[in-house]
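Sharing a structure here in structure tokens format.
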């Protein structure tokens, strides 16, 4: 028997940094995972920990380096961490994953409450930075962006078999929780483009004349690639949060796309990667 | 042995209604619970279901009445449901609870995407309407409003005993997830005041010079009562989402209120009711 | 405006104690909440913390007293904590809630793995101990005991109205997640009776010829009271985890109580208190 | 731009089947996902649904085939589903994932309550069956098997750097939630071996003299491979559910491995694949 693959690290390191400037504060709120792969066979087979950097040390390192970093772009901080851990004996791959939780300033007029924030909840930014012999790879994205539209969504013309009961529709409610991630070209530095990519995704969802979730997914991915020349490909996952029209005929009532049950399960899932 | 109290009903009825107007759509997204109390002893003791309105019928009723209601104020719809169920044989108390999930229009310029929405997640409105012999009682509120401030929060001057290790602080991060509920005076009709109450809570949190969570809770409740003469009392629950300053001295680093661990548990909880 | 009620404390204090004996170890795994009520108006109104025992101190106290307690019965440990906190200035009510997570020994033959455990998950024991001017009150229970039976469950004979669509059944799947809590008589010491109460609940669920969830709930509560003379009343909450028979007729198939959809929501909830 | 990868299907199809025999009933409780890959470019690029089998039909198919299957081994049922979907136009890969939720008979004496069950919660069986041009691949496993040992666990001899603060220990509490999955050799039919593999994992965890989580993971995987010649490789994920010894010295108390805080985050994660 042999160890054919291994990885270890620390998960869910919760880091909040406050950048204090005279006129206002900024809050950066991250949940980080550190993962290392490498030549750690002696740890597994012989119980020899000589090369096994404790995951507790990984955690300490994240906090210490966060003190020394301005954390303007989480991608750059993750790259710094990856470089630190990749230099340790035995490590062949260092992988840093980060979820960035949003905090919005309470007031549009920034001068008013420059130290107070509200968390919109749900939606967050994601980053995975991987450093190995092939170099640095940066994949960023967003998750749990929940969108809904009440028009311009159809699903018809699909194949029928002995198990088909679904009715065709040309006007349904379309709701989804968008996860998207994109690979940046090597050397990319200005990670603030993520806002433009998000905007392209949202605008396309809203404006697209949808014949299926797949159809809208592709349009959204295409728009993201068009919005940012620095990304090579986009992968998207769109669960279909079904809104089922309630049958009110037993009660002598019609239901012209008015009252729906929002269902949690089962749900459709559509995933695809679009690249240049 | 005797049945000294009983209640039954249907929980988590998911209802989405789309109000379609020429220029734009509105989405109302509710999760409702129906609960009835009454003289149902024969159901429990004898297995006689003659008075036991099925919870499945409760669910159907919610959808049918939703078709016939414009659902402008969830409080009014809940009162309508309560009246329907309170009229059933044996029922002494009808209680309708509703959680209203927010959907924000995608664009500030409403003309642009009048049928597309984003869900901010987390925060939601709540309502509990109770109808019994004493009349109708309406309690509304909000939950999971997550706020944070990076200045003007202290905690000092507390008693010390043999188990005290906490250090006093005059500058800490204060974060909480606000739950608040308020009782409306009888006869109240314009439930849109909830936006003003929310605004009072948020503004007070941001602007208050806090000596403790309790101190800020009271100020917030007072501001809510001042903002709306139609509410009699406010109950608030403020969990203290502790942000612990990381000790970086083992690494030769200072940490002047810069790097924090956000902890999930244990957490403080402060609750109180303030009334006129 | 006035403070009409207040309570504060520390929640989700995670405590694991290992009782080490020569022949075997025991694991006690608790999540505790401490809650105090009292004359704390100055804390809220004036920001004066002189009587505000920090929740951090509460947490420390739990760990320190756990070192000095054998923790054979969580009820006794909770009473000890309640007495400690009730003696603090200003406190009128001290309330300790505990959830006890089960760990089963890995092997039936105890001699074999006397230090290894598996966690069955889900089900747990609960205790709430309250100490105030009226004395000590101990309420214990269990939660998340998930039971299912595939026979001897009916639901028929219920009233019908214009919103009824449910079909009567004399043979359905009945599934629920039992929560039960019972009040012990004053002076009770042997809290190991909870195992007998659990056994009575489970046996009655299994053997009862059920005409409704209500009917079975009452029989279970009655059995619990019969099993333990030291309890005064039992409160039970039984959500109805609906198993809906799938309609296979569109596919030319029958479905004689064979294939079901287990649904999460909406669900019925039945609650009642039975006392001597 | 081009579609470089795509997959779609239905997730969280909840299926419960009751096998009714004269002397007793069996309950099979599954949550299934169906996922298809293939030549579906026209669906994405042109909104042409001619090859897009609705996910609603997938769900119907699962229930209809469940009626016709005895469901003795979930692996065989998943293979049957995979064969059905792989035969549809355009499909190149059909993947069925199943989670099997456990229901234990209430009584050891089967004759007593042959129709009543308790759900132990947490732990479940998993299966992923994939059918493509390369043939059928069956990967089974278990997840959320929560284990703890109070002796024979050490962690020492690890490298130290400027960020190390962890103390070496030769006697710690070791707790984890085991996820394991294994690949069966082609042609395997008797999937009841999973019980033996589970037994090997559990016994090895309990009896191993652990120098690290890695060390124990490897021993467990080795034991699984030894227990079942029909599996080719095992992949395991062991989160380290840290139990931190509480520092009671500020209160003048010692703590000889007696009182611990069970922490949720951050946590170590150890993953590896072991093969013959």
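Some points to look at:
So that you can tell them apart, the chains are marked A, B, C and D in the order they are listed, and the count of residues begins at 1 in each.
Methods note: a contact is a pair of C-beta atoms (placed from the backbone, for glycine too) under 8 Å apart; a residue touches a chain by one contact, two chains touch by 3 or more.
Quantities reported herein were computed from a predicted structural model and do not represent experimental measurements.
When chain centres are defined as mean Cα coordinates, A lies farthest from subunit C.
In terms of their C-alpha centroids, the spacing between subunit A and subunit D amounts to 24 Å.
Distance from the subunit A centre to the subunit C centre is 37 Å, each centre being the mean of its Cα atoms. In whole angstrom, the spacing between the mean C-alpha positions of subunit C and subunit D is 28. Contact of a single residue of subunit C with at least two other chains is seen at positions 14, 60, 64, 163, 165, 250-251, 264-265.
If each chain is drawn as a node and touching chains are joined, the picture has every node linked to every other. Interface residues of subunit C, counted against subunit A in their complex, comprise 162-163, 165, 250-252, 264-265.
Residue ranges of subunit B in contact with subunit A, taken from their complex: 14-18, 20, 25, 27, 29, 60, 63-64, 66-68, 103, 106-107, 113, 115-123, 144-152, 173, 202, 205-207, 243, 246, 248, 250-251, 253, 255, 257-264. Listing the residues of subunit C that touch subunit B in their complex gives 1-14, 33, 35, 40, 43-57, 59-61, 64, 88-89, 155-159, 161, 163-166, 210-215, 217-218, 221-222, 225, 233, 235, 239-240, 264-276.
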